[in-house]
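Contents: one structure, followed by commentary.
Each chain gets a letter, A, B, C and D, in the order it is written, and its residues are counted from 1.
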Amino acid sequence: MAPISTLHYLVVAAALFILGVIGVLTRRNVVIVLMSIELILNAVNLNLVAFSRIWGLHGQIFAIFVITDAAAEAAVGLGILIAFFRNKETVNMDEVDLMKW
Amino acid sequence: MLDYITSYLKSDLTPGSAGNLFWAFVYIVLIFLGLSVAVIAMNWLERKILAHMQVRLGPMRVGPHGLLQPIADALKLLIKEDIMPSAADPWVFWSAPLLVVITAFTVFVVVPFGPTHAVTDMNIGVLFMLGVSSLSVLGVVMAGWASNSHYPLMGALRSSAQMVSYEIAMGLAVISAVLMTSLNNEGTGTLSMIGIVQAQQAQHVWFAFKFFPLGLIAFFIFAVAMVAETNRAPFDLPEAESELTAGFHTEYSGFRWSLFFLAEYSAMIAVSSIAVTLWLGGWMRPFPNALNGETWDLVFSLVPGLTFLLLAAITFYSTARMPKHPYFKVQTIGLGGFGAVLALIGVALFIPPVRDRVQDIFWFSAKVAFSMYMYIWYRGTFPRYRFDQLMKVGWKVLLPLGIGVLVLTAIAGILF
Amino acid sequence: MAPVATTFFFYFLSALTVLSGVLVITRKNAVHSALALIVSLLGQAALYLMLYAPFVAGVQIILYAGGIMVLFLFVIMLVSIEKAQKEEQFNQQWLVGLAAALALGALFVLVYVKGRALFPDRGILMPEQSNTQQVAVLLYGNYMFTFEIASLLLLVAIIGAVVMAKKRI
Amino acid sequence: MTDRTTIDRTTIDRTSHLELEQHDKTFLDSNELIINMGPQHPATHGVLRVVLKLDGEKVLGTECVIGYLHRGVEKIAEHRTYTMFNPYVDRMDYVAAVSNGLGYCGAVEKLLNVEAPRRAQYIRVILTELNRLASHMLWLGTHALDIGAITPLFYTFRDREEILKIFEKYCGARLTTHAFRIGGCSYETYDGFEREVKKFLDFVAPKIDEYEELLTTNRIWVERTKDVGKISARECIALGVTGPVLRASGVKWDLRKAQPYAAYADFDFEIPVGENGDTYDRYIVRMQEMRQSLRIIDQAIGKIPDGPIMAKVAKVMKPPVGEIYHSIEAPKGELGYFIVSDGSTQPYRVRVRPPSFVNLQALDMMVRGALVADVIAVIGTLDIVLGEVDR
């Protein structure tokens, strides 16, 4: 087998990214959509870390920032979800069609 | 092959760092066995010590002084019917105890019982330990949710909130210890568990006594947070018997329940070993700064053997006090045999090569054992906190204290 | 230490990561999805270790698997999911979504095939011992300002989450 | 969508009936989770079932479901003669059986218009106060256990054992003593009774200090009990709550002083009262009461008179037609017996006013707006015995 190169990692990351995109576009459950976003962010992270192996550590720093961002996004996203659920009693994405309540 | 095996013994690296798979495997097996024995012993000791604190005798029937009680319990749990509620989520219900056990055991990969006695030495050792032990909360949440019942769910919500909030105070305390490792000529600290102990060796002080009282306060924060992390009294709200019957593992029985039990005790040992490594000098012997020199080294190196001889003496004393009745014959012989084994171990620990090898492991285990005793003591003494009070302690007391200690440690590190 | 069985571990871990990724977007039950995501994240943490990024791996385990996912599970337990499970799981535009994803995949394939030269196979092996230090030096040196902004972002997120989730202010 | 009213202790409607049917599916919103605590729960002191309506951890209301230990004691009385019914009352509050007997015997004696001799009265006082100690010790142990302190339980049980030994020596039974007869006492004191009781007093006084040492200034204990399950004197009186719960709210009401029965008028003792009516005050009041009991026993032992232990009572009792209400201060509060006689050998009707049952009414009021953990603490502090609640 060929030795594992950067490209191998990139392919894994691409697969995860596509999975995340499918999840975001097709699922109706808000929680799962949020989790799909996490998948996308993670795919990006994997790319960054894989590149950091070639071009220095900056990629890892970016990965850490992305994780920070993911934490912030999850907190706000879940907060919105709770507020949404309290008003609509559903977690269906298609019902999110009001700008205010 | 033989070379491969013996070559490691001469190196002063951990098997993981030396890349020696054979010895790494041996260490893993040893730690697994040792941990199981420790949990069994802990079970017996906790019941005995609690009993004696509460003016009763504790287990006395199975074996002399109840020595075989934990084994009887384990057998009972294994034979018991394993019940799964019909409305439970089978996969999650099934995997939750496994996850808890796996995380509790995985932590021990980086615990340094001595300068070379660890499975491996990661340069993110502390981070790894905190990370993996924080995974156990997932198992708790899964167990509570999968049971599909009110009490477990409330227990799971309580414990996840509790574990997540105390992790922060814990992390702050850990960082101030890591900060202390950087007080050398190069100014480089380390996250490696072995590196932290070596830093304490280089500075000739346990970090608990560094920058008095800063180190002590950080140790105190960690000591409180680790009790909360492991859901033990007085922070045992998730499994508070009088409130939530048994919390997140109410619906578990038999073998699966025993896995939770095993995980709880090994998690206690794990966090105790982090505390010992970070603040109590890991495998260092006591008083490294005040009582140093060859003579003291020799004196302290005799302590392991003496400890075992003392235990043997206590056992022999108890044997002599056993009732002289044919009914107790087997038990008396058993207790005497146990004492003889202890005495043999004690004598063996005086032989110089063994003595030198065992030093580190003995001191480390002794400190962990002390920490475990504290756990039992807390349980015997304190009432239980209420949930809002628990959160108050975590966020309003420990967190500001942790930040303060961290800042002051940094300042002290620059000044001194 | 020298890595052992890199090829095997790479394929094993990436299979684990991708398969649990598939589970994330296909499970009916949100808790199962979250658990699959945790497995996927842990697999990725192991991949980071293989890429000589132990610090990022540690952060991934603590923050992602131990922190964010617990938050997710917490919320899933708070909102009732029984009703959501009985409903239709995919929305009407699932064909469009699938097509978009396929197009994206084709784009990736194109880029990787055409731009192969951009990603040299030789990897500069980072000295494992000082990874944490190097990250720290960069983080508190070059990226100091970014770091501070990130802390601000987190503060805003905390306030935002509290405001959103509170029953009444 | 249900109306989302703010729930906090000051604005909460403490009297409205709990509507269990009306709830949402999850507990994200205000009024949601219904939890069934008991009848098999480690902290409900028996087979009490409390249905809790929760908002997260906050209690919106409770509903007590009782009757799991109902044995129809009052009905049994209608088919037993006055003497035959005497042992049954021991089975109501089985941790304070002597008090039950004292109340019943006192009531029938009043009905018959006889009075027990002085010596019998003194023995009654000694045994009843010993029993008050035993009951309070059991309460302390279980209450502390509910709040999470497991050790006091064993200490109190160790010391309660000494009391039970005295009971056993006196009348042969430890728990359901049946110590008194209508008209006096069944038994003369055994040899060395005074000496043993005195020895016990010397033994137990430092033990009470020991319990206080473990708990009174324990930070966690104080935090868990201060301002928990508060009830004002007004609310206590409105609900008919008596005993230490009432006294902890600041009402100096003790039947031993207010309408002395047996020989209580002869003794010098104080009525400890609290101020806030919270769980901590109730704890302090009961601890003080234990010390006062020691004082009473000490005085009683010192001046126990000689003489007969039985008054002249007919073998077949036929009280005159009429009705009587007699109440005593049992460890848990006012224990009253209402007996209607139709002139036959059997009572026409016996009605017991059990303190536990009445005090349990206050549970809902005390825990509304509190947390789940407080419910446990409050059940513990009310000191209920299900045998007495259900009868």
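Basically, a contact is a pair of C-beta atoms (placed from the backbone, for glycine too) under 8 Å apart; a residue touches a chain by one contact, two chains touch by 3 or more.
What you are looking at is a predicted structure, and each value in this text was computed from that prediction instead of being measured.
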By count of C-beta pairs in contact, the leading pair of chains: A-C
Most central chain, judged by mean C-alpha position against the global CA mean: B
Whole-Å gap between the CA centroids of chain A and chain D: 61
Distance between the centres, which are taken as Cα means, of chain B and chain A, whole angstrom: 37
Mean-CA-position distance for chain C and chain A (Å): 6
Multi-partner residues of chain A (at least 2 other chains): 82, 85-86
Set of chain C residues in contact with two or more other chains: 55, 59, 67, 78-79, 83, 131, 167
Complex interface listing, chain B residues touching chain D: 50, 53-56, 150-151, 154, 158, 233-234, 236-237, 240-245, 379-389
Contact footprint of chain C on chain B as seen in their complex: 16-19, 21, 89, 91-92, 95, 122-124, 127-128, 130-132, 134-135, 137-138, 141-142, 145, 153, 156-157, 160-161, 164, 167, 188, 191
Residues of chain D touching chain B in the complex: 33, 35-36, 41-43, 57, 144-151, 153-155, 158, 214-215, 218, 220-221, 223-224, 371-374, 376
Chain A residues touching chain C - in the complex, by the definition given at the top: 1, 3-12, 14-29, 31-32, 34-36, 38-39, 42, 45-46, 49-50, 52-54, 56-58, 60-61, 63-65, 67-76, 78-83, 85-86, 90-94
Residues of chain C that touch chain A when the two form their complex: 6-7, 10, 14, 17-18, 21-22, 24-25, 27, 30, 33-34, 37, 40-41, 44, 47-48, 50-53, 55-56, 59-60, 63-64, 67-68, 71-72, 75-76, 78-79, 81, 83-84, 87-91, 93-94, 96-98, 100-101, 104-105, 108, 112, 116, 119-121, 123-126, 131, 134-135, 138-139, 142-143, 146, 150, 153-154, 156-158, 160-165, 167
